[in-house]
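Across the two complexes that follow, chain A remains constant while its partner is chain B and subsequently chain C.
Up next, the complex of A and B:
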């Protein structure tokens, strides 16, 4: 066998797997998004509808815009909070930081939990009867003593954000610790001697050199925040009302619950667009040449 | 401009002693070199002066201020790092300007000062580039310019030439010397290279195991070593150290019968030190003793003869026109004024 043939033969299984699990579903979803696509209506999966599913989402469905809004706010909040807190922790935990490696091990634990499990455990912790956090916040902030966290739209949203931030901090912290370790110590010390305060060393020297890693962290977290589903599903199921209904959850709801496969495929494709941009940016930063 | 005083300075990490209760007084405008092998505590001493390392005990004074509790930024020192420590995301101009910017120097003043510093190290045409685009020697100059752009009380240089190739190192050494004479700022310079120490220093402190072995001018260190370590560390080739004993005013090598006149009291064990340059090479029978050549090396500017002396080998330097060959016999005589005797137990110098 020629080396060339063997080369393609060896990558073939991977290509087949990617095609079957990613490319084909994408194409099929694109096709479905232009059909009537009702699960309870035989033949509708082949019934061509044009752009109507898309125009419906954009023009006549406030629930779609609600979930866009929820997803946007959710993404901005979780990306922002997680990145800032992870950066803070990374600065404390990095070699030469103020905490040591035993703490590092301990901190990775939340990331070992599945998002669904995080959702369940947070639901318990905010249970008005026996929830730990519910009691905790009630004592710390008396006005919050009697609120039912998951029943209030804003508080439920806050809980979902909290659960996500909590679950993601460890991993991003580890990535940032790695990034900090690659900032040459010489440059930090040179700046200290040059007369920079701790804050200026961070702002002028550490942060710019951490830039590429930070970009990867932000993009990666944005991708995961945009497609959040499991925590929302376990914690609030999109409620109360549609207060915590993210796009993924909205797609699931329309497709699986209402059987509107064509419509949810269209919304799913709308979600693909920002994802493609983010993925492209991510690949650019990860595979960048020096 | 300021003097530096280290009082009983100690640095320990657990059981490991980096610097052991050392006191050192560096005079105003002095160029002091801390010299020693790696791990001797020289860099640690410098880093404690800079404030990058906290001393375990002892005091550090810069000028009339005890700086133990001051942050590096408040000590008014400038430092040149072994790997230069340039800021890779800034241009050369911004690199050099950084110490001025963080210290709030007036913006209109920054540009002329950066340009002047760049001129002093001959960097003016590179100011718009990033450090990555520069060669090792040029990066070294940037680090220097960043140090001299403001007038600090003290310069600290941590093996600044060790990453340069041999030829560039010689050029930069001369430039450093020129610059330091021009600037007249107290300088502490760390190196393991004894030639750098000899050529640059007003005074040298030779360190080993966290202890200063000898403090003196390059002349003193070279011509009057305090102990076996200093004698062996300074000079290229290193001083010949010959084991033997002193009997009836003669030095007798171990296992050999060769004798050298030595005006010292009898002792069972002694080490004789003699530099290659203090041995004269003659034809066979014309020196104090006859020896066989083990290896003959011609370095161009002189010749080096490794000769078998009893059971030991010593190196003598010959005239650059001398031509000999392996296994030939030559006569060797020692300069009686430049013989050193050491106690092999304490490694201290025995004065003769």
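Up next, the complex of A and C:
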């Protein structure tokens, strides 16, 4: 067989799978978003009502805007905190040595942990009676000694953010260690000989060199933060009230608990839009490399 | 302080900071490991020293929890997903790596993009379809949707490995009269084998830990381990000793697998954006 035909045949199965498992559901979700779409009402999945699901979300549903707000704050906080803390840790580990190699090995573990399990473990750690972190914060900040973290809207939000940051710091740290290793050593040494302070070396040499890697991890982390579901479901299930209800959780609840497939498909599509921009930005970095 | 003392001081601070960071990273994991060996009395106290017991591991496999069934489901679903995904991804990755095609960049971007589509979007139409054709609460259904999250990682990761294999041997074999398919089978596959194994393990971990699809699609027969965690809610709240024992069963095998592929972890997660 000629290579010219073969090359298309080789990608065909993969294209079929990707189409069936990702593209088709996207298109079908778009169609559903224009229907009445009630799970318990036969025929309503073919009953079209135009843009009504979308206008309903925008105009009639404070809970939708609440989840948009929660997701936005959550994304900004988790991306910012994870990036800053991972950068700090990467700088600590960059010089190498025995500690670094054992640290790097340990940093793999949270990736292997199911996000659902991370949610469970943080619910455990912040239990008001026997939670270790609860006790720790109680000693450190006395006003927090007797609070029930997951019962307070703001504190529950803080716990959800902490669980996310805890789970993602390792991955970002490992990426940034790799990025730091590619900062040319002679430039850094030359600057140090010239009497530049540690901070100036970091600001004027390390940070600009790290720029592209930093951009990649920030985009990637933003995508994962926007999608967050597992931990939230296990940790707070969106509560108390709707204080920690992310968009994914809101869609899940409307679609699966209330059976409003049409409406939740509309909200789901609203969520895809920021993803398209982020993916575009991410793809630019990937292809610049190749 | 003299210059040398100061240097030693900062070195100690540096090491201490790293140790504190490692401690914080490990505490939630260690705490689960400890709780799994505590009795249902000890687990409700903030105890560091206790008499360990193995009874929790027995209980979770017994009625009504029957974690063994979930363990079986998780293993089958993750394994079959990988066994389907890796060969398909390998063929595509080879083609993407060695040939230039019309619309190649477009295809690669779309494959990349599917990874970023929120899982909750993908699952809505699948739920409706599976309900109509009777695939709800089956392992087959779960495997089909799991392919959606695994494929993009597999293709991009394997492409990275094949890109790293020099083309000379292939070209020499072609000159000697081998066909392209023979070249793939006899030369590329053996050389890419470690990479394929790495990608397979990576995808296995992702499929094993998958939560949202299983939550929506299963309720009794095909329930996987992460969903099984929800079982351990008693009348008076969470049964932490049992939750922890189940937690160990979920994460311990993945720790072993993750350590095996730790060098490729970053490359896999970023799909080639960072090497």
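Miscellaneous remarks
Everything that follows uses one rule, which is that the second predicted complex is superposed on the first by the 283 of 290 C-alpha atoms of A that agree within 3 Å, B and C clash if a C-alpha of one lies under 4 Å from a C-alpha of the other, contacts with A are read in each partner's own complex, and residues count from 1 in each chain.
The definition used in the following text is that a contact is a pair of C-beta atoms (placed from the backbone, for glycine too) under 8 Å apart; a residue touches a chain by one contact, two chains touch by 3 or more.
Remember, predicted model here, so these are calculated numbers, not experimental data.
In the superposition on chain A, A:200 makes contact with chain B only, while chain C stays out of contact range.
More residues of chain A are touched by C (comparison of chain B with chain C).
Look at A:286: by the touch rule set out above, it reaches chain C but stays clear of chain B. By the touch criterion defined above, A:191 reaches chain B but does not reach chain C. In the superposition on chain A, contact is made by A:256 with chain C only, not with chain B.
Of the two partner chains placed by the overlay, only chain C lies in contact with A:234; chain B stays clear of it.
Touch criterion met: A:208 reaches chain B, while chain C stays clear of it.
For chain B in complex with chain A, the touching residues are 50-52, 71-73, 75, 77-79, 81-89, 98-99, 102-103, 146, 156. The residues of chain C lying in touch with chain A in their complex are 14-15, 17-19, 21-22, 24-29, 31-32, 35, 43-46, 85, 88-89, 91-92, 94-96, 98-99, 101, 105, 107-114, 116-129, 144-145, 147-148, 151-152, 155, 179-181, 205, 208-209, 211-212, 215-216, 225-227, 229-230, 238, 240, 243-244, 247, 250-251, 254-255, 257-259, 262, 265-266, 269-275. Those residues of chain A whose C-beta lies close enough to touch chain C in the complex are 1, 3, 6-8, 10-11, 13-15, 17-18, 21-26, 28-29, 32, 39, 45, 89, 92-93, 95, 99-100, 102-118, 120-125, 127, 129-130, 132-133, 135, 166, 169-171, 174-175, 178-179, 213, 216-217, 220, 223, 226-227, 229-230, 233-234, 247-248, 251-252, 255-256, 261, 264-265, 268-269, 271-272, 275-276, 278-279, 282-283, 285-287, 289-290. The touching residues of chain A, when paired with chain B in their complex, are 184, 186-187, 189-197, 200, 204-205, 208-209, 211.
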